[in-house]
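Structures given as structure tokens follow.
Common to both upcoming complexes is chain A, partnered first by chain B, then by chain C.
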Partner chain A sequence: MVKPATRKPRRLFKTVRPSRAHLYLAPTFMLLGVFCYYPPLLAFARSFYTWNGANAATWCGLDNFRFMLNDEVLLTSVWNQIKIVLFATVVGISAPFIAAELIFNLHSARARYWYRVLLVVPMVVPGVVLILLWQFIYDPNVGLLNALLGHFGIGAQAWLHDPKLALWAIMCMGFPFVGGVNVLIILAGLNNIGTDVFDAARIDGVGFVQRMVKIDIPLVMGQVKLLLIMVTIGALNGYGAQLILTDGGPGYSTMVPGLHMYHQAFLFDRLGYACAIGLMLFLVILVLTAFYMGIKEPDTQ
Partner chain B sequence: MPTETMEVSDENPYPRKAIQTLAQEWMWMHPGVRIEFTRVSTDQSAYISWVNTQAAGGTIPEIIFWWPGGDYLAQRGWAVSLDEFLARPNPYVRGNTAWRDLFLAGCLEPPHVARDGHCYHIPFDLFMSGVFYNKHIFAEAGITGLPKDWEAFMALQRRIREAGYEPFWGAAMWSMWPHALFGNLLYDEAVFDKLDVLYPNGRLEPEEEVRGAFLGITGTHELRFHEFLRLMKEWSVYWKRGFSLSKNPESLNLSRLGKLGMSWESAGGVSLYRNDPGVDFDIGFFNFCPITTKTSPAGSGKKPPLQAWPGTCFYLTRSAEEKGLVDLCVDWLMYLTSPENAERLTQEETALKVPSAVAGVRPDPSFADILDYDLKQEKRLLIPWGLSAESADNFTRIFELFLLGALDEDETLERMKKWEKIGIEQAIRNNQMLANEADRWDMSKW
Partner chain C sequence: MSEARQANASRRRVPWCEWAKHGIMLGIVALVLYPFAMLVVLSLKDNAQFFHEPWLPTWPLHPGNYSASARLLIRYILNSIFVSGASCAGVLLLSSFSAFTFARFQFFGRRFLFLAIIVLMMVPGILGLVPTFMVVKNLGLLNTRWALILPYIAGGQVVGIFLLRSFFSAMPDDLFDAAKIDGAGDFRMYASVALPLCKPMLATIAIMNVQATWNDLIWPLVCLSDDKLKTVSIGLLSFQSQVAMATTTRWGPLFAGYVVASIPLLLLFLVASRAFVQGLTSGALKA
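Let's look at the complex of A and B:
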């Protein structure tokens, strides 16, 4: 008598064998390799060459890096960049933190929900549109800001065209600096703090400011570190506003290394030197990220 | 080029179909021949890339448009010389004995022809610029006459400012036009003659300019360069608030709003707001005024020629030659450039009306008072401004800081001198790196 074959129960998802998993992942990582890893590696190699993008590259050793030390435009741009990073770090963390605290302390859950929604909605507006909006706000002749200040008797300013004001105008473009996910990240951190901690603080008679300093800040330090890294990378890599609004001018007053790199590569055909600037930017970001990661979080026990 | 549709929209503000109509007419006269239009990019660099690839692949159309002179095409053997055809009569114009005679004087002569002396181009329209002014603002400021010299020009701007308007700006300020203008106003013929020696053709070639700077004939040490800085600084007081030389300045909106007294634009640029129904003021035009020695020790005292060049030009390519279509192509171009057809091309009702390069074309009445230019032009000597892209960019940035008061004249000159040296080095290095050996300069002749 032939026994019927025992049928194993069918599972909706079979476990993928490790060899197949590699196969499935291969296309993704191949594309990642071609588009995300190969260009930086090529840029790393090209930074040791004189290359105009068309002719054969010529080996120049460390010349591009040596040239950086005497490149006055780059040095000016680095100083501008330091100001931008410091400003972005202070404002880009403190403003979201204050906004998150205010929302967190609202009694109405409905109000908290709507504030969160209102913070997220502007994220759908493309960055270029926002930059062009600020261009209109800053227009020296028909701009909103000058019209507003005019009501208070303050004379019109050439915000983006005055060497003393242009960098500040660029830095202030995110006002009131609470857009994007920054507030939500801090808010998520505050929500993760157990209610028993706040109850205990309340019983002990801890005030709002004291609670913020002694409890909230230490307990959201993980989120603050994340923001610190994101804000710093964003500030160091970003030059869209300068490219669209000022092209680094007037003079060099809004020039940053990223834009200088762009000019070198695509306006002046010095791709080897641009690669060297890019490599230095990468190293600076790497070191700063490592430094931030190394910041020890306070013992919250 | 005809537009895809004659429906006016933001993307298609000036529809045109005259060339298509003319092609249809010409095809009726030439049964069996078909003219096809190829749609190309309006982006200049994309168009140049397209021409390069089409020419390299042997698929370039028989007729293309290019900028006047056509050295680039001629040096590569891609363009056909039209000298022989220009001497023939145009059969579409009664009594014409030489096609060449139909064009405005100077359009087919140096400095607008190729460096080898041959004429490869058939000009279609003119690219010209000057000072367009708001007649309403002039009346309000009590200005009745146009300025005759630079000092009167400055005084006029002061009156416009006093009347509460922005006196001057224009898209032309963000270009080499000021250098060309002051090159004429502070002209030094002796310097020109020392430069125009490698290719003595009445115009300065890039190699001659670099040689001049390399040998110290031109540069930041010249009196006229110093005077250029000084005069521009004096003038900048009257430019619109928030002017910028490092970023393309937006001036048309300010003009459209009736807040700008004068605007330095091209005729095409001004057409944009001339045709604007929202503009409710009249526009007048005048050319820049001479700078006499009373204003500057370097002043030439000469009235500058109106800045005008042949604009869009047609070229016959080697495709026409290879296919034996040169005569047919020339016939089509002759048809296009008879005065009445040229008028239909440039003065099309729905399109931007630009001055034509063909003599006898009745211009748009609004341009009637600005057609007394001399396209022959005297020798042009630009104010030297860097010699590589990077050097010129830095010159502009330093200059901008000088105009805005962030640098004094000594600091400005010191920084410019540094970039001048870098510019010479870069210009020579870039040239010596050219793939085509024939394009490299022979510095032993310098």
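Let's look at the complex of A and C:
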């Protein structure tokens, strides 16, 4: 029965023959069915319903989507989200790129290894600890940031409570933006470039900056695309910091669609509307991902 | 050989360049790690020291802060260990066995079923949050550990299957033929031939999963309200409101608590830093 996994010539009508293999896959697909296939389908269906979670849902056609267009909070949150995504992609890729270049160009292999390991440490600290740590850094009375700026004669700011500053404060929480996997991914890309390319460049007398622009950046475009997708999805999915620190406030200055969805679902019991928002976010992610994947990698010959 | 000599030569010629790179990198690393160092320094102070000199170490140190916080957090940490451990075990078992099935068997719908699994990597968590909550609620699982463990296993196995299937497919057929001639059945082949060979890959997947489930915030926040069941992520929030929102914030124990909550994963990192780095990088591929 067990055959090596070679592809057989395909016949159009193969008889459905249940085999041991199907049985072996049953646990996996049972779990997937309940927790991975059914929920998105339910979300899709329920976004056309008014649904408070308790009573039966009632069909409302496109009302949920129509309501979005008049939902001031949602519109504000979309604008905030755009700013967050733009900031996150620009900073979240350029900073790791610089760090990766620095590490890659070090002579000592041991130093390269250790810098990589040290930059991973923030990933090990629970996300909540990071958020609470930044809450302290931004604290208006005893926080690190105000103490630091005080040395330069800049007055204390209420970072998370000032509508003008709160969104920036949330966006800058990852400072200096190089902790974590992004650096590792770009480094992996740089390591994939053959040494012969660099040797050829050296022989041709190509300088460091020129090499970076003409060789490194085009050749790690694959990694950059991956990061673009990752960072965008991360930014659209992530609202933990807002949830804990600002709850979207002050006013709605740090509100994002994800948090709005969370509020609608778990505070106001408007699950149908929340599903509709979730669906829109999913579509946005899908379109952006497809768009980024479509970016042509420059000819590397 | 010649390359090493060349590297040596260039180091002798432009040592300042090399030092500059080290200097910038050290600066960056210091910026990244400074908040954590600050955390440790602050966790060893009492309130008088905190207000007098917050940024530098002060004597005497107050390690007592740690025992106070650890007492409050230990239950959450044990909950997290149980939830992450159980999910991780489930993911390893299911994903390795299913990947093995996909790689070594020929059966109806093999390619379609595999694609159906891979497609899930494109579905972001945010779409599933509300409906999955309703599913869990209707199953009567709210406020049980299963509310976390089952979805974690279901979602975690996807990447596992993806990574392991290609690994198992690449294994030479002779290996399995030999086992079959020796009279090994399917399970024997899985357990005695396939599994031992993919241990490093399993370690990578395990780390990826533990890191993700340990740090998960929103799902446990939605599913668990019983304080006895809370995981570290949300337990820390109740810990913070206990320690910080009281009449006077006790800063030392608060920061000690943050450190205590970070220790388990940090230990795991120290033991398996190589698997960790690998796990995080391949975890990125699921995006």
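In this section, the second predicted complex is superposed on the first by the 282 of 301 C-alpha atoms of A that agree within 3 Å, B and C clash if a C-alpha of one lies under 4 Å from a C-alpha of the other, contacts with A are read in each partner's own complex, and residues count from 1 in each chain.
Convention: contacts are C-beta pairs under 8 Å (C-beta built on N, C-alpha and C of every residue); 3 or more make two chains touch, one makes a residue touch a chain.
Every value quoted in this text rests on a predicted model; they were computed, and no experiment measured them.
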Which of chain B and chain C A:His107 touches, first, second, both or neither: second
For the three-chain arrangement built by superposition, which of chain B and chain C touches the greater number of chain A residues? C
What is the contact status of A:Pro250 with respect to chain B (first) and chain C (second): first, second, both, or neither? first
Which superposed partner A:Met221 touches (first chain B, second chain C, both, neither): neither
Should A:Pro140 be classified as contacting the first partner (chain B), the second (chain C), both, or neither? first
May I ask you to decide whether A:Gly179 touches chain B, chain C, both, or neither, giving the answer as first, second, both or neither? second
Taking the superposition on A as described, I'd like to know which of chain B and chain C A:Val120 touches: first, second, both or neither. second
Is A:Val206 contacted by the first partner chain B, the second partner chain C, both or neither? neither
Enumerate the residues of chain A that count as touching chain B in its complex and touching chain C in the other. 142
Which of the residues in chain A end up touching chain B in this complex? 52, 54-55, 73, 139-142, 156, 158-163, 245-252, 263-264, 267-270
Parts of chain A lying in touch with chain C, wherever the complex brings them together: 1-6, 8, 14-22, 24-25, 27-29, 31-32, 34-40, 42-43, 46, 53, 99, 102-103, 105-107, 111, 115-129, 132-133, 136-137, 142, 144, 147, 175-176, 178-181, 184-185, 188, 195, 226, 229-230, 233-234, 236-237, 239-240, 243-244, 258, 261-262, 265-266, 271, 274-275, 278-279, 281-282, 285-286, 289
Under the touch definition given earlier, write down the residues of chain B that touch chain A in their complex. 166, 240-247, 253-254, 257, 259, 388-390, 393-394, 397-398, 400-401, 404, 406-407, 430, 433, 435
Which of the residues in chain C come into contact with chain A in the complex? 3, 7, 10-11, 18, 21-22, 24-25, 28-29, 31-33, 35-36, 38-39, 50-51, 54-55, 94-95, 97-98, 101-110, 113, 117, 120, 122-135, 137, 139, 150-151, 153-155, 157-158, 161, 169, 173, 176, 180, 186, 189, 211, 214-215, 217-218, 221-222, 232-234, 236-237, 240, 251, 255, 258, 261-262, 265-266, 268-269, 273, 276-277, 280-281, 283-285, 287
